[in-house]
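Next come two complexes, and both contain chain A; in the first it sits with chain B, in the second with chain C.
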Partner chain A sequence: MISTFTTSESLAAARAANRRAAVAGRTVIFRIKRCDGPGKPSRWEDFKVPVPVGANVISCLQYIAANPVTADGKPTTPVVWDSGCLEEVCGACTMLVGGRVRQSCSALIDDYAPAEGDVITLEPMSKFPVIRDLWVDRERLFHNLKRVKAWVPIDGTYHLGAGPTESPDQQGTRYKLSECMSCGCCLEACPQFNLEEKPDMWDTSFIGPHAISQARLFNMHGTGKVLADERLDALMGMGGVSECGNAQNCVKVCPKHIPLTESIAAMGRATTIHGFKRFFRG
Partner chain B sequence: MSESTTADPRGFFERNHYLLRRLHSLSGVVPIGLFAIIHLTTNSSIVWAAILTEKGRTVTDRTVATFQEEVYFIHNLPFLIFTEVFMLWLPILFHALLGIYYAKTGKANTDRYSYQGNWRYTLQRVSGYIGFLFILYHIATLRWGWTFLVPGGTRWEYPYAASTLAACLRGGVGEVTMAGILISVFYFIGVTMLVYHFANGLWTAAITWGLTISQKAQQRWGVVCTALGVTLFAMGASAVLGFATLRPDEALRIENRVMPTDKRVELQREGKLKPNPGEPRSADAVQTH
Partner chain C sequence: MAQHRVIVVGGGLAGLSASVRIAEAGLPVDLFSMVPVKRSHSVCAQGGINACNEVARQQGYSEYMHFDETVYGGDFLADQPPIYEMCHWAPRIIDLLDRMGVPFNRTLEGMRDLRLFGGSLFKRTHFAGASTGQQLLYALDEQTRRYESEGKVTKYEFWEFLWPIIEDGRAVGIVAQDMRTMQIRAFRADAVVMATGGNGLIFGKSTNSVICTGGAASRCYQAGVDYGNGEFIQVHPTSIPGADKLRLMSESARGEGGRVWVPRKKGETRAAKDIPEAERWYFLEEKYPKYGNLVPRDIATREIFQVCMDGYGVAGQNQVYLDLTHKDEAYLNNKLGAILEIYEKFVGDDPRKVPMRIFPGVHYTMGGLYTTFTPKDDGKGLVLGNPVQMMTNVRGLYAFGEVNFAYHGGNRLGANALLSCIFDGLFCGLSVANYVQDCEPGKAPAAAMAPAPFDAAVASEKAKHDRFLSTVGQGSGDKSFNAYQIGRELGEEMTAACTVVKSAQRLEQCISKLAELRGRFAKVRLSDGAIWTNQSLSYTRAVGDMLILAEVIAKGSLLRKESRGSHFRSDFPERDDANFMKTTRATYNPGSGDHTIAFQDINSSLVKPRQRSYGKVENKPAEKKEPVGV
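The block that comes next holds the complex of A and B.
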């Protein structure tokens, strides 16, 4: 059956098929969107990379860094990227691989470019300002976590004792939400979250699925819920939960399969109740 | 101290952001969505009345008569103009203006992420724009009497609801014209867009208000909204097709039988029936053709 729409299953199937067809000892073209610095114009450069078995995007970027020569033999500057853990838990190496957002460390070349001369494109995320080449500034993502106070307030002058116990059920829900690594995939794929270079606009523009989900995580926490009202107030302001347009791309691209759309609906319910309470109680 | 007494520096829209968003969502369901269901039920009677009313008369006879009786009922409801202004026109204007403002905060990206949900998101906005244009044309021509926008120049009048509506859709009181086909197609597209907008909007409203939370619940509600959408589409399509294929002269004959002119004039004199402002003109206009 031909699927009209992209689904997580159809993507996985296409990548698995590529992996099975991958040719050993091939050379792949990396088409990289480059930028020399903030505010500078972008350009595309091609690089020829011999692909060893099991290569990922990062290992190929390391090859390009060691051999900064374009496909037509012109020497250029090494391509810059950001990375940390190299095992898909830190989120730093997030970029557009083949036009779609994901972590580049877990992106296997076999999945994308199985044949000799196949092209694989790399672009920086478009919703954050570029620092250089594939490296972006994700400051706004963390700023938005501060807007909903995504933490448990335990700082003080005396020992608070043990926290309240949690039911296994609640623990199960919260564990999944706690897997968020602040990578930015959900924001990149969201049609309601767009590039905002001016930091004074950040507090009134869409906060993003990640922050809504983290607000839910900490509102469910035994100690964290002391800030529940403040988090709900933040989500009811400009750029809060009502900015969501229900395209639901976030949940499709989340590398940790966090139920972001359920978090958005849950916070929709929480703010509905909070709003009614505030309306009648003042 | 002085800080706590200072007025909120934020503007009206920022202070009431959440309330406005929720009123926007609510207005789409009640009154607008609810009205759409009633409106399509009435208008599709030009088709369903053929099945659901008693036999013994011709199909057209039964459908036109049923529709005309419904229109008489609606147009003799008390305070109709207040209902129209406060329950329909103002809520639609509110919903549309805020909708355009909200839609402008997004940037469609179906080229990169062609998930079905993302297409529905984009289509929700497109259908809002097209649907609003259609509603403006629909109300302006049929309710406000902007006949210069109607090919053939027919003025819609409630005692001749079926015949004048058919003439407005067909481009005149005679055979259907090219312009009439275009108007009928525009009606079909407009109605389809609005039905989609309502069905999909009802689905997202349940998420917005937090009624459906789990993926399962959202899927289940999706089935309900799809069923409602398909039903309303069938009703909308049959209404447009029903009137686009109705001959105005034949409809007028039935309307005059349902409510003969002398009986209507008498009822109007007794105050039991609202007078129709453009009546003599239209009766002549349609009859002379």
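The block that comes next holds the complex of A and C.
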């Protein structure tokens, strides 16, 4: 059994062992948590899916969409889910696979259900409102990027020459942070980030590791840092960086291995210094 | 002025750059997308974006050469003035993206680094690791979010475009549906920019995202926008076959030194690392000593396809090796990390240690909505701000990015797609603003029009919608009327008949199959009657639209009796400039549901067509060769 927040090394080992043991031509059971819409009750439905070589959760959901019949032979509605690139770069298809949050496109069936009749559970993320079945509304995640002004304030699209030069090292650090695809894995795993359906509460609720890391990204940029003080003000307010409980789950579930805890620590230090400066400036 | 608005449909690179440019010109923008714009298909672009820069220039490269390569790469099919303008604007676009904070790879001195890409002998491709499209999209997404927070752009995410509203030959709005609540309503606008990308899903499995059905383009086509060069579909030479899609393996893998090979011996059973150098056939390097592994995509694809058809495929299957194992690991991680991780995740092998196994896959739509332009007097480029730049044959309806047919002709060069998308948004975005202020909308804004055409368009879409819903639970459950089954058969047929090698006989068979599928689609049955977040309905509707576009592709393929770029006819293997150096222009006949296809002259005023061989030499069984230096 793969526990929820084990290290990526032990996870990889468990999955590799499953992959080696995978039986060709098997059928597995998808146990899917379903919900018809906001305010509607949830229920579990099982589906039997034949597994071809190289199958992933998405190809099995596509099979269910074309064959919406439960394991005990009852016709049902096709399962609804969110997906896009299927290459783990758009972030859309994030859900709980076997109890752990990840992109379902890169979840290979061999890693989870190597034997005939093995069960894979699929659930929607719990920190965002469910739209239907496995599809959730992650608007709050994008909203929080506005709180930290996650952009470079350029003077328009006119031809004004190149941007600031930077060292390969700094580029490497920024590129890593900029690979964040707003998938929400870190928020699902974070004990400080909770479901909040009321948009007027978003600005005072915990902003989340992804947005803190984006504040660091833009504060590092030669032009982006012109808004550094405003970003730090946002991170010092209600729902800011001080509400991080240091559980460090975020960095364990990040599919792009973004150093989120480093970003949180860096922004924590920066807000402290910023606070002193503000105090002495009056 | 205050009551004017512009609608942009699609939030990829073209749609976002258009939104930013039009908002900057002072017009409020309503931006529609089926996904949060940050998840648009542009994220999948990997390799880079082309532009001449100072280093390339001092090595002998120029904007003109970039232009010439693009025309030659596209096999002389595209109108030339738009390409000329795009290539000369390219360096400014890189500068702008740089100012927006795109983490372009850097040299030791802190300058933007360059890599080699297909169809050029010069390094002129700017890149951010191996996820350049993602990084460019994020930069434009951030600028759009900034405008959104200032109230200049309004996003409608998870809204699906259903139909353009055209009144007196002029676009005045759209009908769209909220994919969650299923609400259908009209939105008024003084200009509509379509930026909805390609149609890879018509071919079933492709490198495209699941939203790239071509549905939006098809709906515009059915509403009266002509379609250009439909038969030109790019099959990328290197993709990773998968159960649900074909994952892209970027051309940058070859740009950074990757070599394509197969064992010289048919039926070879040894592992790749046990096959000595002399027993490997680097067929691209042998056949194209000058360009080697970096011949344009249509050529590399045909060569890989042929080698496999001749029985040289690895393990007797349709696959060849793409080998990076001779390169330093740290170098690979720095330049190509993101794509090597994708391969490792989905295939399970480490491409730093074991050669990748790849095969061609449908990738890019060169054809698209027919657009117009006004060249400068000498033909060298376009008139900045002229209202018709990339306007379709419907007034006020524009097509930007992959959804139009401009720039790439018969074959797109690697790392030119990101460029054309952003160029359209920035350069032609000004045309949209000028059209709204100076042309028809200036006198008669859409906001002031009578409601009749908007109400009629909504009623028509609701009727289609309700007809689909009424089929739930009808019939015997016969699979042949299931939209997913029809979609699968469509993909298999189109991949077999309309991709790497085409022939009259196979195309005629394909056209009859499409007629059969259209017949079955008329009786399609839905399995979900929900009036909340009904994805099956959205997919089913798209399948109907894909079938119509598939006919444009197949019929254009049949009528174009020559071979050019990605379009290869085994029964007409030569290029025929006298008859076919022309745009294929399709017009839909709503009454009969059929297509009128004509061939229209192009503007080739700048470069004369020449033979397109990329220095191919006859293939002899050669001895071991060193990789070709460039």
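Going forward, the second predicted complex is superposed on the first by the 270 of 282 C-alpha atoms of A that agree within 3 Å, B and C clash if a C-alpha of one lies under 4 Å from a C-alpha of the other, contacts with A are read in each partner's own complex, and residues count from 1 in each chain.
The rule we apply is simple: a residue touches a chain if its C-beta (ideal position, glycine included) is under 8 Å from a C-beta of that chain, and two chains touch if they have at least 3 such contacts.
Remember, it's a predicted structure, so these values are computed and weren't measured experimentally.
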Under the superposition described at the top, does placing chain B and chain C together on chain A give a clash or a fit?
fit
Could you say whether A:F280 touches chain B, chain C, both of them, or neither, answering first, second, both or neither?
neither
State whether A:N194 touches chain B only (first), chain C only (second), both chains, or neither.
first
Chain B or chain C: which reaches more residues on chain A?
C
For A:M236, is the partner it touches chain B (first), chain C (second), both, or none of the two (neither)?
first
Once aligned on A, the angle formed at the Cα centre of chain A by those of chain B and chain C, in degrees rounded to the nearest 10, is 160
For A:T157, is the partner it touches chain B (first), chain C (second), both, or none of the two (neither)?
second
Thinking of the overlay built on chain A, is A:R174 touched by chain B (first), by chain C (second), by both, or by neither?
second
Pick out the closest CA atoms of chain B and chain C after fitting on chain A and give their distance in Å.
20
Those residues of chain A which chain B touches in one complex and chain C touches in the other
none
Chain C - residues contacting chain A, complex
20-21, 24, 35-36, 38-41, 43-44, 92, 94-96, 98-101, 103-112, 128-129, 131, 134-135, 138-139, 142-143, 145-146, 148-149, 180, 209-211, 241-245, 247-248, 334, 338, 342, 345-346, 348, 426, 482, 484-485, 488, 527-530, 532-533, 535-536, 539
Using the touch definition up top, name the residues of chain A that touch chain C in the complex.
19, 36-37, 52-56, 58-59, 62, 65-66, 68, 75, 77-78, 80, 83-92, 105-106, 108, 131-132, 135, 137-138, 142, 145-146, 149-154, 156-157, 159-163, 165-168, 171-172, 174-175, 178-179, 181-182, 218, 221, 223-224
Which stretch or stretches of chain B touch chain A in the complex?
14, 17-19, 21-22, 105-109, 112-122, 124, 204, 207-215, 218
Which chain A residues qualify as touching chain B in the complex?
5-7, 99-100, 189, 191-192, 194, 204, 206, 236-238, 240, 242-249, 252-253, 259, 261-262, 264-273, 275
